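Down below are the structures I want you to see.
There are two complexes below, and they share chain A, which is joined by chain B in the first and by chain C in the second.
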Partner chain A sequence: MKTARELGYVGCYNCGTVHLPTDTTCRTCGAGLVSRKDNSLQAVWAWLLTGLIFYIPANIYPLLVNRVLGAEAGHTIIEGIIIFFEKGDYFVAIVIAIASLVIPVAKFFVIGFLALSIHFNWNLNAHMRLVLYEIVEFIGRWSMIDVFVVALMAGLIQLGSLVSVLPGAGSICFALSVIFTMLSAQAIDTKSIWDTAPKDHANV
Partner chain B sequence: MSDATHSKMDVTEKGKGWLNGLSLIWAVPVVALLASIGLIVQSYLERDIQITIQFPEAGGIEAGKTNLRYRDVVVGTVASVEFPDSLEHVNVVVDVRRDMAQFLDQSAEFWLVTAEISAQGVSGLDTLFSGVFIQGEWDADVGEPRRLYIAKAKAPIIAPGANGIEITLTSTESGSISVGAPVLHKGIQVGSIEDVTLSEEGGLIVITAFVEAPYDKLINTGTRFWNASGIDVNFGEDGLNVQVDSLSSLLAGGVSFDTSISGGEPVSGTARFDLFANEDAAKDSLFDDDLRATVLVGSAFEGSVRGLSVGAVVEYRGLKIGEVQDLAVLEPEEGQEEILLLVSYTMQPKRLGITGINNPDEVFDTLDEAVRDFGMRARLKPNSIFTGGLYVEIFEDPDAEPAVFDRDADPLPLLPTVATPPDTLRVAAGDVMERVSALPIEELMDRMIELITHVNTLVEDENTRQIPGEVSALLQNANAIAGAPETKDLTVKLNAAISSVADLLNEFEQRQGIDALIVSLENLRDVTANVSSASENAPGITQNIDELIKKIRDLPVDTTVESVNAVLASTDQFISSDDTQDLPQSLSGALEEVRLTLAELREGGAVTNLNQTLSSASNAADEIAAAAKLLPQLARDLETVADTAEATIGAYGPVSPFNTEVRAAVGDLRQAVRSLDALIKAVQRNPNSLVFGR
Partner chain C sequence: MAILTHLDLDKLIACPTCDLLHSVEPPQTDRVAKCSRCHTHLISPKPETYDRTIALSVSTVILMCAALAFPFLGMSRAGLSSEASILGLAATISDGWYHLLAIFLVLFVVGIPILRTALLMYTIAPLRYGKEPYLYSKRAFSWAETLIPWSMTEIFILGTVVALVKIGGMAKIQFGVSFWLFCILVAVIAFQNASVCRWTIWQAIRKSPS
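Let's look at the complex of A and B:
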């Protein structure tokens, strides 16, 4: 299997139609034609870094603040998980742990791994990497579940001075982190994955 | 697949440099990073200051929940609650807002606020919902920072920085003064008690009080404080004295003050005052500038000092100059027979007009002079006839026998005394006391109440004014009745009557005759007529008797006797009839006599001199009946007299000479009535005894 690039053609990013390298616009869909996006890896790294930066305060600052009779109490993500775990709500604790901890961290690693593999032209199974990428892309949006929960609670539980729930600084950072991670994932030029793999076949 | 290389393009990466190919996208993480760093720097700059507050126990303090408040604004949160290695107390670590941290210096104070109910009110109710919190107070001066504090056990009564003056009061007893109790001036609260402690030596109660501005100006060296707790009830020479300063001081105790003398100097710093037991003591003390400047002297008294106690007053011309300290027996000197009692007492030289004294010797000099030149002496005087107490009076008697102030005496310098005849004193006091105690006060009170009731009823009675006259008249009457020869002769008369009846009967037995019987029957008719006048039921008898008389006149003796029998039968029937029974018993007694007489006459069967006999018998019966009639009436009269007299006496009360006389008279009266009663009863019980002397 060869890529269009290896064969001296340019595949449209939008519709996949193959063109000659001299063409600048797709004759099918009219989109601009480039063989590979410039600086796509840089964008990946930049978004990933930003997401990582926001992930730190997202875990330091409380995700939500509940105010009971004027006494404020905030809990960070990890505190929340611990509280639920101690209460015996293992299911909720696991859900939160997966959504807020495992998935974001896994995403950082996966995106980082993909970017690295592209950058250093690691000779790996390109197909598997594409599947990995698609999983990351798909699952990325579910990381926002925490933010949704916070937004819902802050909107619903507003009983004045008795009990009220406010979004904490952590929730904003977490949301930003998720957004930037998703951007990072989208910035990955999936075609680049294939740029390295065919070398084996070429030599065969 | 070499065939696909017809339009081979360069697939190798361009050899770009790092900077050349640098995308603008990198601005995003840079901005994010800068923002994060900025956030971190800000957090660092605004980071909480940790202070540690030591509590004896962490009543309800929870890490992360319990707040630190300053003026009811949350300025910090408890970070952790820890124990020191020694486990002596609880270390509460508090994160305090950085902007407040600079003020946390020496002036800061912390205490735990919980719901509290006390005599001063209810406080900290909000902690029931929000949980306890730590309250902090500090001033706005930035001082040397301090990070370790020891919490106060209680909220300070006075907020730090409040204007006013703090004073220290010392007392020998706390008198139920509690922390937070009011400091009163003329009944208005002008401050509070901050602290009540025992002095380290344990002898004194040290009370710290705070008087708020502007009332602090009222305090000067002439101010006197006294205990205003509860009710002060005093029963003294000047009568009953009850004082209550305020209701809250009644509950929580309190301290009152007043500045009665002018010219006191303003006090500065923490002024120290004595706390007097009550207002009177405080006012009294206004005259002693310095209680401590006293000299101790003694006086040897002859005789008894009973009634003199430690603490008794030493007076000079009515002015208190000291107190009795001790009572002891003075060791007799050799050859001395009489045992003297040593009374030692304090004297305040200032009160004696001796000023500018530096040591007691100078005072003794002056006393020496006074004793020699002016005749200064000590004597015992009774305090009050009610208490029987004594006090020591220092007085000057220029005519006193020469004496010296024995300043070298052992154990005390001795002020000469004037012998107070203690017996006279005691007897006089004792007599008064005895007389007072002998007064039947309670009885008197009862009598008074009774008297008042009687007087009320009497006054309303129109006859009241005539009573005295009536009473004397009555008494005269009574006396007349009791003392009348008739009354006295009554028994004699009765005896005479009885004997005459007896004679009559004797005669009757001897002289029998039909004529006498007729006369007798005529008399009997008269008697019966008398009876009939008293009773309407008797006319039939009278007629019978009349008929009988006629028959007797017309008929021979045999039939007469039968007729007499018939008369007797009818008379008998009459007497035994119910109606007759209702007649006065005395009368029926008389009739009984008649019946008996007639029965005897019938049994005897003799009629000789009957008329005479019957006449006599009838007279006797009449007399007896009259007497018997008179007797109950007399008894009733006397009884009435006695009752009226007693009532009058009751109204007059027990202790007048008039009463005594009246009582005696009434007693006599009653005696007479009793005798009469006995007589009447005897007559009624057995009328025969009168007639037959049995």
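Let's look at the complex of A and C:
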């Protein structure tokens, strides 16, 4: 078994139709044709860096602000986890810690690792890297759950001057960080992962 | 090696994920042809794909309109109560920079699912009736596919559950009609995604005169 590139053809990224190297647009789906997305790593790093930059204020500023009788109190992601831990709600604390802290940080590392592995042609198992990529793609969008929770709580708890919950600046930064990280993951060129794969994998 | 023409190349498919070449052998309906190296689904013909997709798309539009019209959640505490629809929630948090938060909510939960449904219907309706595809069908279907990860209805429903757990003892919560409609909508959208085989649709768009 050979890849389209090894035989001198170009496979469409969108629909898989095989083309001659002289073709420029896909005759099936109309997408532009490239054998490999040569600048994809730049896009990956650019989106990833933007996501990282927004992740910092997402942790410095509060996600939610409680306003009780005019007095405002907000807490950040980490403070929220600590509060639940001190209350003895270990289960809730662990769930929040995984969803809002561990997964976003792990995503940055995994995307960075994949980009480095493509850039330096690391001789690693391509299957393992593709699974990592699929996990990041699948989990990435689920981080938006925090943003929806903030929107729901802030929109719902509006009881006049008595109690209200407002969104905090951290929530917008968190949402932007999630969006940019998703774009970063989507920019990864999976075909490049297989180009650097050891030959024995290609001959299955 | 002999120079191959487009006609010969059409007998091949390059895996969009790993670029490995395969010869095209569409499997039976409801079975899946996977890439032999990376297991990406290449061809997965679905039964009555046009009818199902159109039916589920119409259901999506009806459910979404209804879900927007009714209250989503209600809450009460100490004699005070409030009730909010999804758009009402967005309007409440819209203030200054938080407009962005409201825009994300409306876009990912309402706008993109509806846009995707519209694009699918635009692409598939003419195919269903044996007509030639409408103008820009190719672009429409490409966009419908690109938007899949940005349609976040199921995440929103899980977010609702988490928000309810967090509000917990603070107030009494009532589920609105819209909440249940939205739960059904999540299932319908999942079936809608599962009723489309990319390869089949691309071949149909392409073979029709356009």
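Note that in this section the second predicted complex is superposed on the first by the 194 of 204 C-alpha atoms of A that agree within 3 Å, B and C clash if a C-alpha of one lies under 4 Å from a C-alpha of the other, contacts with A are read in each partner's own complex, and residues count from 1 in each chain.
Operating definition for what follows: a residue touches a chain if its C-beta (ideal position, glycine included) is under 8 Å from a C-beta of that chain, and two chains touch if they have at least 3 such contacts.
All values derive from a computational prediction rather than experimental measurement.
S.K.: Evaluate whether chain B and chain C can sit on chain A together after superposition, giving fit or clash.
M.R.: fit
S.K.: After lining up the shared chain so the two structures overlap, which partner does A:L116 touch, if you call chain B first and chain C second: first, second, both or neither?
M.R.: neither
S.K.: Now for A:V105: first (chain B), second (chain C), both, or neither, which partner does it touch?
M.R.: So A:V105 meets neither chain B nor chain C here.
S.K.: When the two structures are laid over each other on chain A, which of chain B and chain C touches more residues of chain A?
M.R.: After superposition, C is the partner touching more of chain A.
S.K.: A:V34 in the overlay: touching chain B, chain C, both, or neither? Say first, second, both or neither.
M.R.: neither
S.K.: Could you look at A:A73 and tell me whether it touches chain B, chain C, both or neither (first, second, both, neither)?
M.R.: A:A73: touches chain B, not chain C.
S.K.: Touch test for A:L7: chain B only (first), chain C only (second), both, or neither?
M.R.: After superposing on A, A:L7 lies in contact with both chain B and chain C.
S.K.: By the touch definition at the top of the document, which applies to A:V149: first (chain B), second (chain C), both, or neither?
M.R.: After superposition on chain A, A:V149 lies in contact with chain C alone.
S.K.: Look at A:L49 in the shared chain and tell me whether it touches chain B only, chain C only, both, or neither; answer first, second, both or neither.
M.R.: first
S.K.: Put chain A at the vertex: what angle do the Cα centres of chain B and chain C make there, to the nearest 10 degrees?
M.R.: Once the two structures are overlaid, it is 100 degrees.
S.K.: Tell me the contact category for A:I135 with respect to chain B and chain C: first, second, both or neither.
M.R.: Neither partner.
S.K.: Just how close are chain B and chain C at their nearest CA atoms in the overlay, in Å?
M.R.: Least C-alpha distance after superposition: 5 Å.
S.K.: Overlap of the chain B and chain C footprints on chain A, residue-wise?
M.R.: 2, 5, 7, 9, 20, 195, 202
S.K.: So in the complex, which bits of chain A are touching chain B?
M.R.: Spelled out, the residues of chain A in touch with chain B are 2, 5-9, 20-21, 35, 38-39, 42-43, 46-47, 49-50, 53-54, 56-57, 69-71, 73, 176, 180, 195, 202.
S.K.: Show which residues of chain C lie in contact with chain A when the two form their complex.
M.R.: Spelled out, the residues of chain C in touch with chain A are 1, 4, 6, 9-10, 12-21, 36-38, 42, 73, 75, 77-78, 80, 82, 84, 88-90, 92-93, 97-98, 100-102, 104-105, 108-109, 138-139, 141-142, 145, 149-150, 152, 155-156, 158-160, 162-163, 165-167, 170-171, 198-199, 202-203, 205-206.
S.K.: Report the residues of chain A in contact with chain C in the complex, numbered from low to high.
M.R.: Touching chain C: residues 1-5, 7, 9-20, 27-31, 92, 126-127, 130, 137, 140-142, 144-160, 162-163, 166-167, 169, 171-172, 175, 179, 182, 186, 190-191, 193-195, 201-202, 204 of chain A.
S.K.: Residue numbers of chain B touching chain A in their complex, please.
M.R.: Listed in rising order, the residues of chain B that touch chain A are 1, 4-9, 11, 21-23, 25-26, 28-29, 32-33, 36, 39, 64-65, 67, 129-131.
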